[in-house]
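Look at the two complexes coming up: chain A is in both, with chain B in one and chain C in the other.
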Partner chain A sequence: MQEPISTEEGFTRSAVKQLAVFSVLAVLVIVAVMYALNFIAGLTGSDSQSAAGAVDIENNEISVFLRQDPPQLDSTRSTDVVSGTVLGHVMEGLLRYDENFEITAGLAERWEIEGTKATFWLREDARWSNGEAITAHDFVFAWRTTLDPAVGSQYAFIFYPIKNAEAANTGDMPLESVGVRALDDRTLEVELEQPIAYFDKLVAFSTYFPISEEFYESTNGRYGAEAESLLYSGPFRMTSWVHGASIRFEKNPYYWDADNIHLDAINIAYITEDTNTLLNLYKDSRIALVDLTAEMLEGAMQQRWHLDRFMDGSVFYIEFNHRPGRLSTNLNLRKALRYAQDDGELVDRVIKLPGYLPAKSVFPVWLRGVEDTFREEYPAPESEYNVALAREYLEKAKQELGITEFPPIVLLADTSPVATISSQYYQEVYKKNLGLDIVIDPQIFRQRLAKMSSGDFDLVLSGWGPDYNDPLTFADLFASWNLNNRGHFDNAELDAQVRIAQNSMDQRVRMDAFGKIQDILFDEVVFIGNYERGRVYATNPQVKGILRRAIGAETDFTRAYIVPESTAP
Partner chain B sequence: MWQYTLKRLLQGVITVWFIATATFLAMHSVPGDPISGERAATEAIRANLAARYGLDKPLGEQYVIYIGNFLKGDFGISFTQQNRQVNDIIREHFPVSATLGILAVLFAALGGVLWGALTAIYRNRLPDTIIMFLVILGISVPSFVFAALGQLALVNINNFFGVSILPVAGWGTVSHMIVPALVLGMGTMAYLTRLMRSSMLEIIHSDYVRTAKAKGLPAERIFLKHQLRNAILPVVTVLGPAIAAITTGGFVVELVFAIPGLGRYFVQAVQQLDYTVIMGTTVFYGSFLVFMVILVDLLYGWIDPRVRVQ
Partner chain C sequence: MSDLSSSSSVTLSADDFAPLPHRDDIHGINRPSRSYWQDAWRRLKSNRRALFSLWLIIGLLAFALIGPFLWQVDPSRQDIDQISQAPGADRSAEIVPEYTAWDGSVQPGFESDATGLRIGADANSQSVRLIWDAVPGANALRLYRNIFPIDGELAFGLPIAEFTSVEAGFYEDRLDLRPDTYYYTLVSLDQDMNLSAQYQELAVDVRRVITLDEVRERELVAPDVELALGDEVKLSFHPFGTDYLGRDILARLMSGARVSLFIGIVAPFLFVLLGVAYGSTAGFIGGKVDQVMMRIADFVVALPFLLFMILFQVVFGIGPGESGILPMLVALILLSWPATARLVRGQILQIRQEAYVSASRLLGAKNYYLVLRHMIPNTLGVILVTLTFAVPSAIFTEAFLSFIGMGVAPPTASWGSMSNEGLATMLTHPHELIFPAIFISLTVLAFNLLGDGLRDALDSRMRSLE
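Coming up: the complex of A and B.
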């Protein structure tokens, strides 16, 4: 028994002493609980994450990030950029894009496209990641599966140039009638509806990847859901996939060109779309590449980081509703709207994201023409910011429509930050320059699409990303038969030019047609360009050979390699 | 006691059924088409997709099917990840959120008791002023600010020492848990500190403490048995709901620290109109919350018989 304490001060001191003991115990309890929870997590199978740095020279591997967990790695149903990036590392089709964005041999060692017949000869050493041979039958199975109406693939349309594909997809003909046949294990013959000039580029698209039927059936409808429920044909194979946390690619020893794959492994160590988190991870040397926003750019330049820029392929624009009865059917109103805004101001002063360019045409700057880029060969018609001209057109529109005052015009838009500030920009300039009231209708992505399809808008902020490296992927957007032409623009001359571009085999003739389409889209003010999306990014100087491109894997590490002598950032 | 337990459980089941029904109706009245994609699909393909998810049936029939599956514990397949079961998503990601939540509550409770007791002892003196100022900060600053600042601090600390003291983001080891759990528990810790302080102050000036002192009991015994133990009771009672609230509210912290918790799926599903994931996560979280509340009620009834009579 201790001496009783009588002073207030004494009680306080004693209590603080006991609280100190309490805090030590508390820390011990927390540590114990943390280890216990971690132990339980280990028992339930979620893998422990390696704490590797951005570049691991010893093990010849790098660590990088993804913006989100890949939603769909079943190539028959995949539609998004993130899944496309993962698939681009672990899968390969008959043909692929090389470093210069040209079509080159993939699993097919040679190919022949003559008229309506295309033949692909597979490599003898084309193998799945389990060592089994990749055969022509694997392509037939994958393509038919995609076209199967029961599968409901959103990308089935990419096969429509193949004979009977569209009819099979709508259920009007059996899948067996589709014009793709395995002549033997190593020869694939494709019959097309009509000769097309860009079939080789289509074949490089992820929906055209092969799938082993035997393996697909063995997954019981879970093909592509986990790392184990896929069979890989590409330079890497997925050895682990902890959903939402990490993915690990290891070099696929059965890949035919494994000698030219330099990295032994790629860790996707972090999955988040928080740009600040990613910047912090880059600064902490946890990831070898990071995309930068405008406010990060200055710091990056001060640190002398290695910066690059690329166009991610997508182009964004205002589309109009051409359904009868809508004000937006009036050409003079559309002209007024075009001259009353400045896309340069939108990109440089409003959006202010590095790498973005004003969209002068529906055809982005990176598309190939005959010899040079398409936009060099066929410059986009120049618009200008001219308020006086815009007001003139608005007066004409009023006279034609027989009104003295315009009712409010509805601008449908996504809820993304860029769409929000863009729509506010248009609201302001149209009020200021034309006295027009713009009502912004912000909707989540899927509701924006639904409202576009039902025609519930006057103007809409829309955009498009390419599927293959040919201007046609953008040129047919406003063709009258295209389901994506949600504004129902209908122009016989444009339709005719799209048909020429689709059917001709002469690149010069096709590019001329695209040039005419570009002019029609301008003359008729079918769209008002917003921006072409680009990114500025920093890379770890020890990693070379990273490719970033508009089609396929957005960021491609397959041919990357480590240069040990360079110093870290 | 048994009757009381049974009654509470029955109420819980009705609450969960109500949550499920309300979510179902709200979700179907949100505008937008869950099977639309950027690439416009033909009518035939749309019809096939709608049939796969049962969207071609009338709403009443969908509801019956959905409640039936729900009773069997099957939430169906995700709309955005068409080869993944909602059950798998919950099974894989909820333990992560729960781990984070339990740790955050532990931080909050132990910290709250410590700081609360300390401020009460030093009432109106410097330690009290400093801690209570920090408490106001903790209550009013949202967790995403703490998350961003915490992460920035980690980067600078790691850069300063030239080695990685603690990971900046990610999940998988004990070292990954510390900062996110602290950040997530910060608000609750501040709240509990205030609760503990007022409860402790009340007891310090109570008659039985004065009596104990007058009797000449040892100071350790008075503090531990008479003061701390009684003051802690209000803190314990809010712990149950706090665990549920923290576990379900970790979305921002999960995003900033790249943690694969269920919170991200919960929020993204709503943005993407992923019907099955919305239903699955809402009903799951709802049941979890109801369960925690019932658990606390039952513990109350066990501790205090007067509650049962009511």
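Coming up: the complex of A and C.
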């Protein structure tokens, strides 16, 4: 069907001419308006942020990113990695980890841990960011506040090695009975329930940071909610916090070791989880560091970027539900599931990031043993990829359960990209090798934890990041009393070994216990290891001294420094 | 006289009064008489765009319904050897023995007098085995892998491994090896663990390999074909490439088309039906009832779709791994009918006043007869156009909801979820996004153009313009 054609040709021609002139004019006007708007935006906009590059040599500051807005900067309550990273820059406790991941003096200039008594002597020049002295009382206040049942801190358990702490936290004893006392302004004495070998490492954890009681009360319950409602004991202080948008750290002039802090400011200019956005920001030199996903590696090599990697310390695994009535309580089924998968394939072929390692044990490779790394001294039992064996175990499981066909098995997983890809990978592997139907239940992180706690799963893709540098942070994961043992695994022998590791002062005895725990976890197939997480990242070549590590601040810029372009290698 | 009289007189017989035989051609009407639908079909046929769209839609239906019988590949099967493979990539592989762990010893045939970084065994996509001699003067060593030769900028590529010992060592690389040339570098680190300019470089050509068991398991060759080590086989053919888990994109597009077209056709059909029933009732009864019914329709228009989607998922108790297609269908039907209802009501109100309706009523026609025989057929054109325009919007809604993860459950594919998955690899493997995106766009465009053509063909007022 043809469109009706105008009868007057001449009119049409002039109309076309008019239209052409008009459209050219319209385009010109639009372009002019856009330039004008851009100019106006330039006049009014705060270009302090948009114009600042990744490295500002003149002002001696760098720009970086955070994945999320820190949910909680009150050290008594914070539980997550992002808050940990921010707190690691602006706060310091009695002890801290140095560049080589060893415990070193923080606000305490020296310390002594003997038997059940630990004493810390604070530095004379330990000061808050308002210039007031940090005293032993500030620690007593912070620790008691965390243990206060009214506060309900999730991390209160980390104080339990201290005398009466557990009883005080449950409300059975007054807070004053907790074994921590300020002998004077600069001496802090801690009484422990029993001698423990890793107390110095615990003290470096963020929950052990001090809080000034006077300041805490003056915030009227909003401690840590804004940049102004925190007092800082660390190398930097937060000068601005625009929630969800940006954070700015400036050097804390009252920090005792300020001479060794080289940057004047750290600008967290972007808060986003979108990896592609971050990559573009890095390409445009807006941020000094970026984490790369597997898809970005080829591009990064083309750009000739200098790449680094580190292990962020976490271990990821499939955990089982051991509640009565669940299929996953059957040992032979669990064995079948383990032998039917090849742990290397997931890491090497599916995730394919060089930082990742197959998780052969719940204890990651970087943990220290007695002399060497723990995994060198106590090698993890080797599993194998053996489909025939797996099918045998599956048949046994069917007989024991008295069923001929397995109903669908629920695999609970996060919605993160790696969790999504891993869950779909396992779904297909178990379908192909064992003929099992796996249904994936994707949930956001919090919801996954809630569902794990209520026992609403058969298998779950789970993970654990270390709280302190000792194998115990992983070893007690499956102890029957641990709240994080959400699958309710209960094994008396394992519990006994965890108790040994907690209570012994002899490193050899403790490591033996961890070795036995490792064997029990393998024999009972308490988990199927997926991977130890790593990260590949690119850094601006002008910034040196950035530390990335498993414990404390994941990315630590406190001792970073800028090298001018000419001398950069 | 008699002559004249005889010649001028006409003798009439009885035959002359017989009726003439019936003749059809007498008025010379050459145009065949056509019904409304024949006429509409003729107009549609003359509209090239609409006709092309119609064929496209028929093709898509065939793709979804017949395709899976012709291309019998499991859409959820993962081909780990061919992850994110672009269409038309080389897929030959050589048969090698089963992988066994390596203890660092040099494989026979690879002994050499060379020093420095070198390979200790055949390099293939199973593993690249590297050995090196002691590096004096270094504090530690770091092994890098690159896909470009190392140039002056000292960008070594991917850090693969780090070694605290600077003695002679070995390393087996198994990370995502593809048939390509890799440039390995072993770089010395100084006391502060910083990179020094001292490094050894090695270029390694990697061939793609496969084991005999894998060939048999995946049935890459006929079972009666004898195979020996070193033979070359072709890996499974993926005409549209594979996705991030090595799944065949063509097969996923076909199974995804079923989901998309199911929602796209069933949902509009049902909600248009509901809308027609509701709208014609309101329009026919009129008065207060019409007022109340149309206010209810206004209320439904105001309900937010996405919120209701989520509520329906909760109400339906969609458990893990269950598809969200049913709640999506219900939500679409319950929330999309008012547009059709309004349109039909308007038409019915108009037709109610027509003379032929009054005539029919005078002749004793019942209400249901009036509605079904006179009113709805006269609004059918409008209804059909609404239907064709509702299809693309439903397909788009499905794609959008699957894209944000509220649609199908993995491993079921839908075009929307495939686009979502392809988005992550957009920069490196664009085919994973482009194919589902093309299919969504084509389908939506085809239904829109067809709807456009139908409107032109069915609108009776357009006829006078011809």
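Basically, the second predicted complex is superposed on the first by the 512 of 569 C-alpha atoms of A that agree within 3 Å, B and C clash if a C-alpha of one lies under 4 Å from a C-alpha of the other, contacts with A are read in each partner's own complex, and residues count from 1 in each chain.
By our rule, contacts are C-beta pairs under 8 Å (C-beta built on N, C-alpha and C of every residue); 3 or more make two chains touch, one makes a residue touch a chain.
Predicted model, so just to flag it, every value in this text is computed and none were measured.
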{"item": "Which of chain B and chain C A:Pro71 touches, first, second, both or neither", "value": "first"}
{"item": "Comparison of chain B and chain C by chain A residues contacted", "value": "B"}
{"item": "Touching partner for A:Asn484 - first (chain B), second (chain C), both, neither", "value": "first"}
{"item": "Which of chain B and chain C A:Ala492 touches, first, second, both or neither", "value": "neither"}
{"item": "First, second, both or neither for A:Ala388, with chain B first and chain C second", "value": "neither"}
{"item": "Chain B versus chain C as contact partner of A:Leu307, first or second or both or neither", "value": "second"}
{"item": "Contacts of A:Val536 with chain B and chain C, given as first, second, both or neither", "value": "second"}
{"item": "First (chain B), second (chain C), both or neither touched by A:Ala41", "value": "first"}
{"item": "Shared chain A contacts, counted only where both chain B and chain C touch the same residue", "value": "1, 4, 276"}
{"item": "Parts of chain B lying in touch with chain A, wherever the complex brings them together", "value": "31-34, 36-42, 44-46, 48-49, 52, 80-84, 88-89, 92-93, 95-96, 99, 102-103, 106-107, 110-111, 113-114, 117-118, 121-122, 148, 151-152, 154-155, 158-159, 164, 167-174, 176-178, 213, 216-220, 222-224, 227, 255-261, 264-265, 271-273"}
{"item": "Residue ranges of chain A in contact with chain C within the complex", "value": "1, 4, 276, 293-299, 301-302, 304-309, 344-345, 347-350, 352, 354, 408, 410-412, 415, 417, 420-421, 423-425, 427-429, 431-432, 438-442, 536, 569"}
{"item": "Parts of chain A lying in touch with chain B, wherever the complex brings them together", "value": "1-2, 4-5, 10-12, 14-16, 18-19, 22-23, 26, 29-30, 33-35, 37-38, 40-41, 44, 46-49, 51, 69, 71-72, 74, 77, 79, 149-157, 169-171, 221-225, 229, 242-246, 269-274, 276-277, 280-281, 283-284, 286, 443-447, 449-451, 453, 465, 482-484, 486"}
{"item": "Of all residues in chain C, those that touch chain A in their complex", "value": "43, 46-47, 76-78, 80, 83, 145-148, 151, 153-160, 174-176, 195, 197, 244-245, 319-322, 405, 409-411, 424-425, 427-429, 456, 465-466"}
